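Here you go, one structure.
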Amino acid sequence: MSSEGDQGEGADVLYYWDYLHLDGLLNAQTPKSAEHGDVIHDELIFIAVHQTSELWFKQVLFELDSVLKLMDQDPIPERDLGIVLSRLQRINVIQRLLVLQLDVLETMTPLDFLDFRSMLLPASGFQSVQFRLIENTFGLLDRDRLRIEGHRYIATLRHDHVDLVTRSERSPSFFDHVERWLSRTPFLQTRNFDFVATYRDLVKAKHDATRSSLVDNPERLAVFEAGVSKFDAVLDESVWERDVEQGTRRLSYGAFMAALFINLYRDEPILHMPYLVLTAIVDIDEAFTMWRERHALMAHRMLGRLTGTAGSGYDYLDQTAHSYAPFKDLFDVATYLLPRASLPRLPDSLANDLDFRTS
Amino acid sequence: MSSEGDQGEGADVLYYWDYLHLDGLLNAQTPKSAEHGDVIHDELIFIAVHQTSELWFKQVLFELDSVLKLMDQDPIPERDLGIVLSRLQRINVIQRLLVLQLDVLETMTPLDFLDFRSMLLPASGFQSVQFRLIENTFGLLDRDRLRIEGHRYIATLRHDHVDLVTRSERSPSFFDHVERWLSRTPFLQTRNFDFVATYRDLVKAKHDATRSSLVDNPERLAVFEAGVSKFDAVLDESVWERDVEQGTRRLSYGAFMAALFINLYRDEPILHMPYLVLTAIVDIDEAFTMWRERHALMAHRMLGRLTGTAGSGYDYLDQTAHSYAPFKDLFDVATYLLPRASLPRLPDSLANDLDFRTS
Amino acid sequence: MSSEGDQGEGADVLYYWDYLHLDGLLNAQTPKSAEHGDVIHDELIFIAVHQTSELWFKQVLFELDSVLKLMDQDPIPERDLGIVLSRLQRINVIQRLLVLQLDVLETMTPLDFLDFRSMLLPASGFQSVQFRLIENTFGLLDRDRLRIEGHRYIATLRHDHVDLVTRSERSPSFFDHVERWLSRTPFLQTRNFDFVATYRDLVKAKHDATRSSLVDNPERLAVFEAGVSKFDAVLDESVWERDVEQGTRRLSYGAFMAALFINLYRDEPILHMPYLVLTAIVDIDEAFTMWRERHALMAHRMLGRLTGTAGSGYDYLDQTAHSYAPFKDLFDVATYLLPRASLPRLPDSLANDLDFRTS
Amino acid sequence: MSSEGDQGEGADVLYYWDYLHLDGLLNAQTPKSAEHGDVIHDELIFIAVHQTSELWFKQVLFELDSVLKLMDQDPIPERDLGIVLSRLQRINVIQRLLVLQLDVLETMTPLDFLDFRSMLLPASGFQSVQFRLIENTFGLLDRDRLRIEGHRYIATLRHDHVDLVTRSERSPSFFDHVERWLSRTPFLQTRNFDFVATYRDLVKAKHDATRSSLVDNPERLAVFEAGVSKFDAVLDESVWERDVEQGTRRLSYGAFMAALFINLYRDEPILHMPYLVLTAIVDIDEAFTMWRERHALMAHRMLGRLTGTAGSGYDYLDQTAHSYAPFKDLFDVATYLLPRASLPRLPDSLANDLDFRTS
């Protein structure tokens, strides 16, 4: 990228090379194979993919930390929501690049990898400190992590990194901030509008109507009842909270109902940005899964499924892809939506409150 | 990526972190804005995009250099052609990633960039030493480069880099190796087959037939003659070489005719790999143009077209996108193709020579 | 995609196949080569790429038309801006797919194309009625179109399509709606804030400071004056309007200054959505250019630069990529930005007006 | 895409519009919502994504069928392998586009989908006849398919499609052709080289060496023995064939050992193309999994996990992603590779046979 304008001069003129510390950066590739004889050509691409990934991980952490700082205000000023959104969207753009970056690694074939992979033992991508920090900061709970041969993930880390990672487990995560932000969503209950009660009435009426229509068809009625049992949790806060205790849900009832409200009434001006923020969160959670799935496929192709002490990388990665989704409750919003046509219009006074002063 | 197997132990156990030199790598981001007060948030993404790009540039150079070494054999053993192909294709996969990486930079807005861009002056992406090395190694000639305010590109480089870049200008480039490799293509002229003569006869016969059919339509005939004048260069080697002298073509006549032969007879077993190699070269040349075009668009959006002393970045980048294509002669192969149905079958003895011993 | 729930029954059960009219859709590929003998294999991929492109073009038109309808309200209700944004972003996602789709077409080689391309004459992608409708609806002016051998683009269309396309030239375009919407942006001039006057004062003060600092350096001063002459147009409305008359700018002065205001004060809550809408417009305009550039490259590779009566496809496409950008004024916003730190805070009463009633 | 040259004239001039049957194609979007009142805006994007997907499915089938025809020769002429490769690679490029195309569908939100999804019942993507044909032609076995509520997939198809799909189950698949082609690979056993015996000896020697080194470490020895038990199948053909009978492997022992040979000796000229073909097959199998995983994620986001009679679309799709991989044996090649340095050089006479006549 070029910059216009007057150029500096003299001894302390700034060079692109120095600004980017390229002397250090471009000398930090020291293939292990060099210690065993000739450099094995493909070890360099292996290093390049991992080093660029780590630079991106640093950037993701930097953006995530800045979002946490912005969300650590009570309330979060409306004007900061635009910044939160743009940084979340940036994280997602980086994630998509990281998925594509695995295409580059796949240009290394299993046979090429075999030529040096044993030289790297026991080093492994499992040890990416920054990726653990990202997971923890994003909101992954230790209780939801897979154990590796019965050990916690920190068992593989260098001593001085254990502290760092442990601290990140204990600090408020992005999930915690989103939970708090949603819980404080105003307007769900006002003088003349009670979203939760209204929503429950609508759901019950809809289900009763279906029941009536199926009264002569006990088989289909049974299927229907099995299906709608999922609604118990939104109709009865105590059911929801029991699910939370059992670990099958994670957002509090209030936070979830707020997310539902924002989705259903997303066209109200004051909900535009919260809706876009929720969408960005789901995009990010989804992209983590995509990356894990892509990573698992690549590991399968590169390593086969032969396992030594560490278990198959493929199986591990594939399982994490399916269980490491802190915001899966937001995916389940889709389960509980009602058609817009069946929603009541908001009372005028509330709709007015959700608009700009000057509209 | 995980690795199975027995784990090292003791003091010199290898950690992922140390193998990748992450202490150095992750501490090499020193935003200039920190010297002027608070760090400006978006300077970090600016650094991340440029540092990852430079790591990829190093990798591209590494692959390119290894290809040059393999091609610096006479003849190039058939078994090495598979390796050449895989490394060229890897370069192309990296290039495609670099194009997409500009999406990440575009998450930085012009207003964000404005907050720190003057602090970086006169540093500029123009100064990317590695990109200049890639251009030179790939085959860009200094005579084809745009001047920047009348200066050569090396004028902007740090003193100790000038030598390095100048040396790369003088070393045989990938273009030179491809030229030599094509020039030595066997089979164009054998005891009972003369590709060039055969091809010329076919072209002339085809043009004569069209002329006859247009004899009563002088207007369309004139248009036709204007169009086919492009064929003079393949019909007459001296015309081609004059174009080369004038700089409008660059491959020698012999090399170009070999490329044409490989394209037309690509289904012969011995030409499978040469054809895939030629395709990979065109893919790479095309991807350089895509990257320059994408870069120009981003510069336009980020900087507008206000120009200081350096000329508009957009205009410069956009012009390079259109003139920096060392292998544009290979794009022009399409101009001179003939329908397969009109090609003569190769004599049996030659077809036999182009096949495997054991077929 | 699956859907849950009770299944229909009986005679009018809906099949996926019938819903999508696949009988018609999958029988609409009639290769021209079949009329000349055997079907040429690659004609099918040629048809597939063009047919899917046309389905996407229809979708783009549909989204664009719906946006025009929403914007054809005065004023545009705030709640509709979210819908406008989501549809513009969808158009951009489709555009990015269309760029990638050209990778599929590039799996057809020039030699394969040569086998049937003359059978298609004079049919040509130039004749895509829907693409012309998209261009016109987006805002491309006939005066800015390249002539093809001196003829207007409609000269190549089927008779009954000429009317359709001509009508789209005469209807208000998306550009017209954006121009009107921007022109009506409130808050640029309030009782105690005059954005244009404030902005001009800042610019002048900044330029004067630079002039003073260069007073002893006439050479650099001259360069500076040449550079800042671009600001004449924003400092003096009559200069801007003269540029508009001469065709070098297109947005009115008022609309442009509103776009500048929205960019500079994008963090104010009421400007969040307008800012995102402006960003989406630039994304779309940029993606059109990307598609044209990618298309031009592919044409070069596929056809070479041999030209008959119609001129080289490459040259034509490449020129349109650089001149067909209705919103290029929005790219130039970057030229006129000022660092946020130099901007005055908005008066409290105005900032208050730009926020939600309930904040 | 433009075409040069002389233009047709008169009554039967060919128009782009007619060539592509755009009258039919662009009138084949009949939203179901129109029958229930106003068209719901997002039903159109739903139709567009599915129709373009079906056009691509047709193209994939067309390429696959042509590959089957080429492979249905005994032996497959070397010159046809280049064509097979290019068509397999084209299928992969289309698959990658299909994955990205789901980004477009995701611009439709769950709430938008809810507005019309019940109108489409019981139609469902499960009913895509062409996708079933692709799966069967590629080599998916009915025994490996998930049952949907106990029913076979053909239960959901329109009557006249059942036959078509059933026929495709019974015809030789791409898998069958690859199996046969691999089984016939020459050179695995020649007068002075026996690949299988050589390979087995190497593996046994390597394992014995490890056993010796672990003789004092019974714990690690046990882990090692558990790991290498995977090699029983390559060391003993009867073990392999028992796995095949039990359905955990599918390629015959001979075919698999040929694949292993091609991977290990891929640099021999005659194995260049077979190696690239094997790589393309793995790419395609992998891309099917990517598409299914991406599809599952989208279904989760769009539908939540509420299930009616049909089971959750997400769970179904996600399970197919993990079990529908006809060529998973080729992924497992990585498990059985040996480092190149440990492989014996081929005898000169064999290496000679694997080269071109004229080398």
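As written, the chain order gives the labels A, B, C and D, with residue 1 at the start of each chain.
To be clear about the criterion, a residue touches a chain if its C-beta (ideal position, glycine included) is under 8 Å from a C-beta of that chain, and two chains touch if they have at least 3 such contacts.
All values reported here derive from a predicted model rather than from experimental measurement.
Trainee: State which chains count as neighbours of chain A and simultaneously of chain D.
Mentor: Looking at chain D and chain A together, the chains touching each of them are B, C.
Trainee: So which chain is farthest from chain C, going by the mean of the CA atoms in each chain?
Mentor: Taking each chain's C-alpha mean as its centre, the farthest from chain C is D.
Trainee: Quick one: chain B and chain C, Cα centre-to-centre, how many Å?
Mentor: That gives a centre separation of 30 Å.
Trainee: I'd like to verify one number: the distance from the centre of chain C to the centre of chain D, where each centre is the average of its C-alpha atoms, in whole angstrom.
Mentor: Their C-alpha centroids are separated by 38 Å.
Trainee: Indicate the whole-number Å distance between the mean C-alpha point of chain A and the mean C-alpha point of chain C.
Mentor: The mean C-alpha positions of chain A and chain C differ by 32 Å.
Trainee: Where in chain A do residues touch two or more other chains at once?
Mentor: 4-6, 220, 224, 227, 266, 302-303, 306-309 - these are the residues of chain A that touch more than one other chain.
Trainee: Of all residues in chain A, which touch chain D in the complex?
Mentor: Contacts found on chain A: 109-111, 114-115, 220, 223-224, 227, 230, 263-264, 266, 279, 282, 286, 289-290, 293-294, 297, 300-309, 318, 322, 331-341.
Trainee: Considering only the defined contacts, which chain B positions touch chain D in the complex?
Mentor: Touch list, chain B to chain D: 4, 6, 78-83, 186, 220, 224, 227, 266-270, 272-273, 275-276, 352-359.
Trainee: Per the contact definition, I'd like the list of chain A residues that touch chain B in the complex.
Mentor: Answer in residue numbers: 1-8, 13-22, 24-26, 28-30, 32, 41, 44-48, 50-52, 54-56, 58-59, 62-63, 66, 86, 89-90, 93-94, 96-97, 100-101, 103-105, 107, 117-118, 120-130, 158, 161, 298-299, 302-303, 306-310, 312-313, 316-317.
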